[in-house]
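Shared chain: subunit A. Partners: subunit B in the first complex, subunit C in the second.
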Partner chain A sequence: MMRTLGTLFAAGVALACVPLLKLPAFYESFLYLVFFWIVLATSWNILSGYSGYFSFGHGAFFGTGMYATATLTTKAGMPFLWTLPVCAALAALFGVAIGAVVFRAGRLRGELFALLTLAVSYVLATVILNTPIDGGPGVSLAAVAIPQLAPTAPSTFYLLALAAAIVTLAIAYAVQRAALGTGLFAIHDDEDVAEVLGVPTYRYKLAALALSCALAGAAGGIHALFVSYVTVGETFSIVVPLSVVLMSVLGGTRHWLGPAIGAALVTALLYIFTASDYAVAGRAAVGLILIVVILFMPQGVLGRFVRRKPKPASGLEFAHANARIQDLTPSVTPSGETLLSAHGVSKSFAGVQALAGVDLEVRRGEIVGLVGPNGSGKSTLINVVSGHYRADGGRIAFAGHDLTALSAHRIARLGIARTYQIPRPFAHLSVHENVTLAAMFGHAGLPRAAAEREARRWLEYTALAPKAAALPRELNLHQRKFLELARALAARPQLLLLDEVLSGLTPAEIDGAIALVKDIRAQGASIVFVEHVMRAVMQLADRIVVLSYGRVIAEGSPAAVMGRTAVVEAYLGKAHA
Partner chain B sequence: MPSLALLAQSLASGIFIGALYGLLGLGLSLAWGLLGQINLAHFALAFLGAYLTYQLSLAGLDPLATLALIVPAFFAFGAALHWLFARFAVSAFNSLLVTFGLTVIIEAAIQWIWSADFRRLESHYADVRYRLGTLYIPLPELLTLVLAVVLSLALWAALRYTDFGKALRASAEDAPIAQAFGVNAKALALLLSGISAALAGVAGLCIALSYTLAPSQIYAWVGVVFAVVMLGGLGSALGPLVAGIVIGVSEALTAAITAPSWAPLVSFSLLIALLLLRPEKI
Partner chain C sequence: MLELERIRVSYGAAPAIVDVSLAIGERELVCVVGPNGAGKTTLINTIAGLHRIDAGAMRLEGRDVSRLPAHRFCEQGVAIVPEGRRLFTGMTVRENLELGAYRRAARARRVQSLERVCALFPALAQCLHRPAGALSGGQQQMVAIGRALMAEPRLLLLDEPSLGLAPLIVTALFETIRTIAAGGVTMLLVEQNVALALEVASRAYVLEEGRIAAAGSPAELSRRPEIRRAYLGLTEEAR
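Right, the complex of A and B next:
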């Protein structure tokens, strides 16, 4: 990590010497534009590329910076350089205010988020146009003093943009390497699962948005003085956000350096054509390149040429991973005290009462089988306990904490992990990264290096180690079910919720899975599992809870419960003979 | 407060501009809602249509007669575009980016052929105005309204009552299942994409009749028409017209009461409110 940042800063220092060459001014102006677009595209990518929330409102944040500098320098007489931090702060504040509303109001993603952000920038443009901030004719910065960072004005702008570009790239790189980046990539693939695994999705999205906006705002501040005449039409033109998206997608949105490459390519291309007599043809060429790239390399230039390199595990790590589950110290010792208690939990969806006052208790070290006919509320109960749905009524307590009002990621941190009936791996993360993420954000809360080792161990345990570098789509159903399990186990939960892990497996695979679940309990985790495979239920469960129409209709030892008439009737209907 | 006559006139002009919003939004909404194709190039196509109308009427053709040439040509273009999207399995979002590339190319082509200067179609339609009480009703705007209403109603009926429409809606909901029931989803998609592009051509005629043309104007319509499409409901045939007129009228009234430059605030505030409060309605 330090080496990449070192290289980046060394490159920055080397480029800072360019003005000493006393090149003709247009070279510096051209490089200024390259750096300017690098800042805009890279800052856009921190939110939109990493987390998949494609914003078309980048012009709004860039525009906030432009007009902040324009207003502060011309109307308040503030020195230009002082306005830049203000630009960044204002843009970030504006972004966070929008994000605080948008990210709370349901799941606005994809095209809808793009449109919403576009609409926000049009509203901002209209307000600026009709208030004294602009008022219509535009704001001229011709009288504003350009700071003397270098002998000439073009050199000064060059240095400013260079510094901004280096800082932006360093931030983009640091974010990608940090837990924040890992969480954002998880949000990109499946936000619900990310939250359930312990990623604080709301906070992460806000943080990414704030960073993204602050950088765009600062770039806007610099650009205002560079163009020296700020108008609403130019600033909030839809061409700005579209170009930023184009550059990032062209370069590759899943890599911190991708947008910079795209920005440099597009700017250079446009400049070459503008300098010649074929400016119009140049723009057409850019359009054509965009089409070709999207059709043939949807992952972008970097995504195409930088292959995923599987991290070879060192021998030491593998020796470590070979440790059997019994060698792992149990996180808690079974003691029989109540771990989870739910009272009168109810939940309804548009008139369907999925849960109608369910009581459930799970003691430490216990395996509870949750059974019942289809539609009886088993999965809903799992979803409510794990925080995916909020209960309409009732209380849920876990290890001394009230879960009722907690968000899913906090519940995950407290030590509840779950699997999905239909596996939901993060599609663009490798098998190893999928499990690492759970170890980082779950109850274990490990730092990255430790989480990677922990993930190796659970992959070994679930026999997925040979597939560690594969993408989830390369796994078969059996392996994907085990990936779900490995992800839940890597979180080191106190309570494990298994939603039909056995469905769709062959009898031999079921036997393997039953042995695995027994093994997991030996470590001290308590387990609630939803299952239709009765052989497994009878073998595994200490206690069975039967749900029907959202109510508990029976509870007790497997043999006793399954003999009861009410249970038989719930499954098979009433006997009339 | 402006006079009643002025308010009535701006109400009328709001309805007319709203009809154009609706006409532009119609093709966009159908392709987006039923084909998952977000065609940003719809606007560039409309302007290409407008310029072609301009050029053909310079050659002596009646502006309305140009439709006979533009509609089939644009239909073929739309079908080809969807063939390309299907061939490369382009996602909805990537279709937006690809058609942005297309927009840039068409814009460059327009600028290349007709230059960046303003062009104005001089036709005998432009001078005809009807008087209704204190209201002036220009013929080009009236034509736009009639075309928008007729086309929206025709497509609405086709989608609702014909086998073609039912098959199309079924394959929009679940293409593999519809295909399993014998729907030729691929052919239908080509047909609809062609219709959508042809609608852009018709909208282009209306733009040419009422507005001055410049390549940079392509982007001026994007925001408000997208708002119309969202408010009208994706894949709806009548929605864009209704939403277009609602937005057109509220913009015109805002412009009359405050200042014209405040007008965009209405449509985008409406859009934001809709997205935040009723995202499931889209």
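Right, the complex of A and C next:
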């Protein structure tokens, strides 16, 4: 990590010497534009590329910076350089204010988020145009003193933009490597699952938005003085939001350096054509290149050439990882202590009562089988306990904590992990990264390096180690189910909720899975599992709870419960009686 | 009715199905069993026209259909219940089912077909107006099966229809499969509940690592010790 940052700063220092060459001002102005677009595209990418929240409102935050500098320098007489931190802060504040509303309003993504952010920039433009901030004629910064960072004004702007670009790239890189970036990539693929694995999705999105806006605001501040005449029409035109999207997509949105490469390519191309007599041809060429890239390199130039490096763990490492589960989780002796207690939990969807007052107790070290007809509320109960849904009524307590009002990521942190009936891996993350993420954000809460080692162990444990570098889509159903399991286990949960992990497996595979679940329990984790494979239910469960129409209709030892007439009629059918 | 001749299907460089020859006669119920990752789903998707065949030939009623696009298969009377349901989750259950009757031959009778599906899955009759995405997993599986039946298919492809269904419904489902078969629909069934599948099938294939490892009548196959061990396990004792 430090090496990359070092290289980046060294490149910055080297580039800072360019003005000493005393090149014609033309080159410095051109490079200024390259750096300017690198800042804008890269900052856009921190939110939109990493987390997949595609914003068309980057112009609003850039414009906030433009007008902040224009107003403060001309009307308040503030020195130009001082206005830059103000630009960043104002833009970030504006972004957070919008994000605090938008990100709470459920899953506002895709075209809705794009349109909403676009609307925000139009609203802002209208406000600025019709208030003394601008009022119509535009603001001239001709009288504002340009700081003497270098002998000439073009050199000064060159250095300012260079510094901004280096800082932006360093931030983009640091975010990608940090837990924040990992969380954002998880949000990109499946926000619900990210939250359930312990990623504080709301906070992360706000943080990414704030960073993205602050950098765009600072770039706006610099650009205001560069153009020296700020108008609403130019500032809030569609050019900025559209260009940053084009550049990022062209370069590759899943890599911190992608947008910078796209920005450099597009700016250079446009400049080459503008300098000659073919400005129109330049635009057409950029459009054509973009079409080709989208068709043939949907991950962008960088995504195409920088293949995800498979981290083939050396044989030694894997041999080491072959440790059994005993070494990993502190062994807890099963006790009578209540771990989870749910009372009168109810939940309804659009008038359909999925849970109508369910009571469920799970003791430490216990395996509880949850069975019942389809639609009886089994999965809903798991969704409510894991925090995916909020219960309409009732109380849920877990290890001394009240879960009723907690968000899913907090519940995950407390030590509850779950699997999904139909596996929901993060599609763009490798098998190993999928599991690493759970170890970082779940109950284990490990730092990255430790989480990577932990993930290796669980991949070994679930026999997925040879597939560590593969993407989830390369796995078959059996392996995807075990990936779900590995992800849940890597969180080192106290309570494991398994939603039909055995369905779709052959009898031989089921035997293997049953042994695995027994082994997991032997180490002290409590398990609640939903299952229709009766053989497994009878073999695994200490206790069975039968749901029907959202109510518990029977509870007790497997043999006793399965013999009851009500259970046979509602669930098993006569063939099993 | 359907004939596969030494077909080969790959994902990129990795072959998923190699040299598979298979024939399904008119009104037959053929089942394919095998471990996960053997290529069963690929096989069924290929027959539905969702994968391109690299080598070999596929014939439907004597016509070469190796290069036919998927929607034309549907028009030919081939319907599929895909793995993982693949419902239109934003549409209501009724809309999902009615889309199943999209093929020209089935459109006219869709009211009767809907009644039949509702009789088969009474749980669906109560929630026709709800969005399919709001149903439980097992109920969604019922919609997927119902949607395929709405097409009044002549060849029905079932990819693990019992997945996620409660035992009571599984029993009912297999009774239904029998009924549909008796009604003259040709069927190809991929199923992990091997004991039940072999009970209803007239013929079975075992697929392992993309190749046909064994074929024969259910009685014959279930006598073989390696198949009893790997696929029947203890399923006879309790399913």
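Please note the rule applied: the second predicted complex is superposed on the first by the 563 of 577 C-alpha atoms of A that agree within 3 Å, B and C clash if a C-alpha of one lies under 4 Å from a C-alpha of the other, contacts with A are read in each partner's own complex, and residues count from 1 in each chain.
In this section, contacts are C-beta pairs under 8 Å (C-beta built on N, C-alpha and C of every residue); 3 or more make two chains touch, one makes a residue touch a chain.
The shown structure was predicted, so the numbers you read here are calculated from the model rather than taken from an experiment.
**Student:** Examine A:M534 and indicate which partner it touches, taking first as subunit B and second as subunit C; both and neither are also allowed.
**Tutor:** A:M534 sits against subunit C, while subunit B stays out of touch.
**Student:** Have a look at where A:I510 lands relative to subunit B and subunit C in the superposition and call it first, second, both or neither.
**Tutor:** It touches subunit C, and subunit B stays clear.
**Student:** Report for A:A405: first if it touches subunit B alone, second if subunit C alone, otherwise both or neither.
**Tutor:** Once the two structures are laid over each other on A, A:A405 reaches no partner at all.
**Student:** Which of the two partners, first being subunit B and second being subunit C, lies in contact with A:A427: first, second, both, or neither?
**Tutor:** neither
**Student:** Under the stated touch criterion, which partner chain does A:I291 make contact with: subunit B (first), subunit C (second), both, or neither?
**Tutor:** First partner only, subunit B.
**Student:** Identify the partner contact of A:G372: answer first if only subunit B is touched, second if only subunit C is, both if each is, neither if none is.
**Tutor:** second
**Student:** Now for A:N130: first (subunit B), second (subunit C), both, or neither, which partner does it touch?
**Tutor:** first
**Student:** Looking at the overlay, what does A:A11 touch: subunit B (first), subunit C (second), both, or neither?
**Tutor:** The answer is neither, since A:A11 touches no partner chain.
**Student:** Inside the complex, what are the residues of subunit A that reach subunit C?
**Tutor:** Per the stated touch rule, the residues are 349-350, 352, 371-380, 421-422, 476-479, 500, 503-511, 532, 534-535, 538, 570-573, 575-576.
**Student:** For the complex, which residues does subunit C have touching subunit A?
**Tutor:** By the definition above, subunit C touches subunit A via 33-37, 41, 83-85, 123, 127, 130, 134-139, 141-142, 160, 163-172, 192, 194, 229-235, 237-239.
**Student:** What does subunit A use to touch subunit B in their complex?
**Tutor:** Residues 54, 101-102, 105-108, 110-112, 114-116, 118-120, 122-123, 125-127, 129-130, 136, 237-239, 242, 245-246, 249, 280-281, 283-284, 286-291, 294-296, 298 of subunit A touch subunit B in their complex.
**Student:** Would you pull the subunit B residues touching subunit A in the complex into a rising list?
**Tutor:** So the residues of subunit B in touch with subunit A come to 38, 84, 88, 90-94, 96-98, 100-105, 107-109, 111-112, 219, 222-223, 226-227, 230, 259, 261-262, 264-265, 268-269, 271-272, 275-277, 279-280, 282.
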